[in-house]
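Okay, so subunit A shows up in both of these, paired with subunit B first and subunit C after.
Showing the complex of A and B:
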């Protein structure tokens, strides 16, 4: 076939009279990966869902032209109309593989029903074909996987299964909606590679939705940048990164994760600042979560010893389940260790009842604020508990709000009236209210948009100097760790496997696991793509 | 898996049965001396005391308790004063009727409620949905005895289609089962509707739609199974409630179930019968809980036994 598999001209989406997507022109050809980049609210996901008719029932889709694989999408009204196209002409991979797979049906069943209804295969053939699909997604022991359930698989495996489901109907267009956002870094690279490989082998056109420009640089052939429901700029990937035309695109590219130079040239390493004295010393911290009667439980922390020096920022890296958050909970007194000691400024941390010197900023600013509590009250609640009087509380809250870059008039707002970035600022203000000496930031920016992330990181940097804070910065994103840390500790399966000055860890990693993690950093430079060989068509 | 569940069931059943038997003993002990009621009016005090001694009622409580437990463990469940026979067969004789009525009522409830709940969920906020909600409220609002009497009037007296009392044939089962079943159907239908709506809003339903498979498959295979756990819980609780006897319905239809027997035993202070009935109902409750656990595991592979 010669024409594009998907062509939108002047496409728009309205929900409840509000125009959320306008004037979108889009083309995806066979064996081409087109990235649709944007932050939350840009309309990229709505645009993606519109190709499958999965928009909310109240949404209205309009276009001068909307053709998928030769079918005019504008005439499709009912679920029945769309059913003929879904699966066989267009498949989709969603962001969150666990919730997107049915928990009570086997993997074989979930792939098999596409083969049954889309390709009319008899039962026995379905089984061999499903196993074959899993094998093509580089899943080991595919035949056994057919009888397993999603909860028995790892995140990366689940996303491979999702891809197998999406490809089972041999579609011409594959929509990938943030397919690696919920995955660990090292797994992300594998899944991206698989998507690129799938496009090359089957010739499927891919519409790749993402907020991450390093992912775009690695996989895309062409890029469309979306903001506020419109496409700002659209170009082949090389040209977009080298000569962006729009200011917003330029800003996104500037903020995109980059491989630190020290990783290419270890001689660039700067010496670590001298450490005056340790503020927090952890020795042999062990924590096991029990799995009930006779259960072995999981060893969340295995004999962890760690030191944080006064005034420094310690970056704590590791993939999900490595024990980073468990450690944070123990240091802040939210959980008790099974064994081990902790000295804070020379005194026994676990014996003291007042841990207000150690405060925490949480990952999710949405769920960590009480939705019914005015934000001013949230901020000064720790002070009220300490008996501060009402008038003084209000002044202090106003102070704190301004310190974190919010207007003091926001005191009476409720959390849902704030944006994600504003909420995280509130979380930081709350942590600062009791004047802590050690601030523990548990993935403080990973729930936020790229441009907001930069603002919050800059705020933390400023506050660190202003309040002379010592910081433990927990993240799975290595680029943010690199930008904030003085020293870095790498955790794997409950253990600290490497610890040292930042540039030493990044420039000359000693442990295999650190090398693997660093190897998974994606570079926001399309010329350094390790997945895609492309003939640049400028 | 089954073995482990079975092991846990036994570990659960032993202490529960022990505690229940202890409670039963205490209750009987507290109700006082049964001989007063049982001896003929012209018997002398000496006669009564002989009876007390013969039954060991003059012994201290802990001795009586040990003998009671010893008898239980040997399978001797005592004599029914009222029937003059061993108490166990008296109770067991009623069990099939109770089981049959319970099963019949549940079949009626499920056959009505599941389709009604599904339709209400799929036609949310339409007249169909409102009609189902209305019927559900109505089924709860109408008292059992009234529904039973109305059914008797219509199908027994007017139409002469079905027998109105007693047991013995499938036809006998219909009216009492419908009376009880419709009472449960309302709540069950509302629960099926709510759980199905919840399941239909999940991400995996969006995935199923994106596959382009028929809507019936999406609802019946993908959503309904995920929505089934609460309905199974409610049904099992209803079954347990019914096993204790459905007194009103049994009375209206002269159905020879456990409910009638227990009430009669209470009136006549037939303690052996009450004890056995309570123990039998306890065993049945444990069994139903065991079966419910197995069903959970069958429905949702994430649940570990």
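Showing the complex of A and C:
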């Protein structure tokens, strides 16, 4: 077959009279991975959905040319027209594998459905073919998996099943919409590798939607950067990273996570900062969550001992289920441990009633503020709990708003009037209102857009010095904490498996699990791709 | 601050004005409430004056109707329109008071069950289940035997079973809200339990609560009528729609209007409240993260 699998010229999408995507030129060839990169609201997902006819019914799609595998997409009107194309010409893998698989059908049924309607296979043959597809996705014991339900599978396995379903109809184009964003770091690399391998073996063209430039650097052949509904720049991956033409692209590349140099050359390690005295000492913390009356429950924390020195930042890393959130809940007093002690500056932490010992900044800027409370009131709430008088509170709120880079006039706003980044600033102001000694930051930027992340991290860094904060920085991957940590602790299954000065952990990891997490860090340098099959010519 | 509240309030009324169903419900209800409030001053007959000479007069448009009694008279010669207008008072008072009382009980117990959890929660919810399992009307009749008759006992009787509806909804909402990060933030800042509930939990469960309460007023008024119809509710000389329905039953074959008009009044009242409640649910649709 000649020519591109997908070709858009001057494509646009309008919803309710508002132009959300304009002038998009896009080409995906066979055996090629094209990344569409952008932040939320850039129009990248709308563009991708338009290739499947999955735009909202009120949307209007226009283009000078829109051809998918020889079919003119502009002529497709009815759901029936699109259905003929979906599966056999274009397949999709969504971000959230749990909600995109049908929970009441077995894996075998869901793959079989595609084989039946798209390839007209008889029942007996469907089963062997489905098992074969699962095996090609490197899923162990594929024959048994056919009879299992989505909830019995892990996130990474589900995403492999999604890919098997998408590939079952032998499409020419695969749309992958943030396929690894919801996965743990160590699983992410495996799924990316699988997508690259699939493209290589089947020749399917891939339109890869992502916000993460290090993923782009690892898998893409060509990249289109989108912002505000337009493609700013489109180039082969090597050229885009080495010689970006647009300012926005340059900024994104500068902010993308890089593999710390110490991981390649341990001799670059900075000397660990001297530890004056411990501020927080956890000893033998154990917490079991019970499961009803009789169940054994799960052991969330298993004899955890940890130390945080005055003035340092401890990076606390662990994937979902590692116990890092349980630990944060216990340190902040939201939960009581079953056993173990905690000393804060020599005193028993669990007996403390002082809210200026420690405060917390949360991950989700949407649920961390009371939607029915004015942000000024939210900010001074810790002070109010200490008994500060009403008159003084308003002035303090104004000061704090300005400290975190917001206008003091925002006092009367409600959270829904603010952007995600602004809300996160409000959350930080609230935590700092009582001048805490220890600040726990639970993935404070992972829900934000890349360019906003940088601003918030810079703000935290400035305030850390200004307020002489000791910080625990919680993250699910090692990549995001290198630049902020002095020391690093790695958690797995409720235990601290490794703890040490940052460069020692990154440069000479002792535990297998740490090595696996380090291996999951994706370098945003396309020359260091672990997956790419052929050399990119500039 | 006043600025914000005023704009929000203006938005509320503008939204109400733009909804046909909402306006219909609000208008109708306003009319009924107004009539009940002004009953003593309206140009209508005395609702309790009997006159056997004019018993069972049909409404004005039927043969034999007279302009002095627009909707006719009952078996004792009392004016039906006047009795409906005066009866609206007791129906509305019982409706509002029973909802307020059961809402208060339900809110407090729901908050306790949701916030405390554990054994307190289990015991409270089993009591709720038990009350839901008993035939409501039967239970109320038993309570009514003890509590006696009249408006205040009637309110107590209805609230005795009705609070479970609120406890369930409040508890469910508390469970949804209490693990959100802003509640965690307040706890970390050592905000006391009562301020925590008043500032963070209650405002966020209020929309659901208000919607349920509005719709509940309608069903409570129906319950009041049922009880009065059975003779356990409001007793003469006080007037209630249920009582009128009951009296009309005896002459239903010959004089349909005696029980039909109180029935229509009851239907319109409940209908207007449901329209308003429906609109309120759409409007307040709790937008939580």
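Convention: the second predicted complex is superposed on the first by the 530 of 538 C-alpha atoms of A that agree within 3 Å, B and C clash if a C-alpha of one lies under 4 Å from a C-alpha of the other, contacts with A are read in each partner's own complex, and residues count from 1 in each chain.
Please note the rule applied: a contact is a pair of C-beta atoms (placed from the backbone, for glycine too) under 8 Å apart; a residue touches a chain by one contact, two chains touch by 3 or more.
What you see is a predicted model, and the numbers here were worked out from it, not measured in a lab.
With the C-alpha superposition on subunit A as described, subunit C and subunit B fit side by side in the combined arrangement.
After superposing the two complexes on chain A, the angle subtended at the C-alpha centre of subunit A by the centres of subunit B and subunit C comes to 30 degrees, rounded to the nearest 10. Look at A:381: by the touch rule set out above, it reaches subunit C but stays clear of subunit B.
In the overlay built on the shared chain, the residue A:466 is in contact with neither subunit B nor subunit C.
Within the superposed three-chain model, A:245 lies out of touch with both subunit B and subunit C [touch as defined at top]. When the shared chain is aligned, subunit C comes close enough to touch A:353, but subunit B does not.
Judged by the touch definition given at the top, the superposed model places A:334 against subunit C, while subunit B stays out of reach.
Of the two partner chains placed around the shared chain by superposition, subunit B is the only one that A:151 touches, whereas subunit C remains out of contact. In the superposed pair of complexes, A:104 makes contact with subunit B only, with no contact to subunit C.
Distance between subunit B and subunit C in the overlay is 9 Å (nearest C-alpha pair, rounded to whole angstrom).
By the touch criterion stated above, subunit A contacts subunit C in their complex at residues 329, 332-334, 353-355, 358-360, 362-364, 366-374, 378, 381-382, 384-385, 412, 416, 427, 430-431, 434. Residues of subunit B that touch subunit A in their complex: 202-204, 206-215, 217, 221-222, 225-226, 299-302. By the touch rule above, subunit A contacts subunit B in their complex via residues 52, 54, 79, 82-88, 91-92, 94, 96, 99-105, 113-114, 117-118, 149, 151, 162, 165-166, 169.
By the touch criterion stated above, subunit C contacts subunit A in their complex at residues 1, 3-4, 180-182, 184-192, 195, 199-200, 203-204, 287-289.
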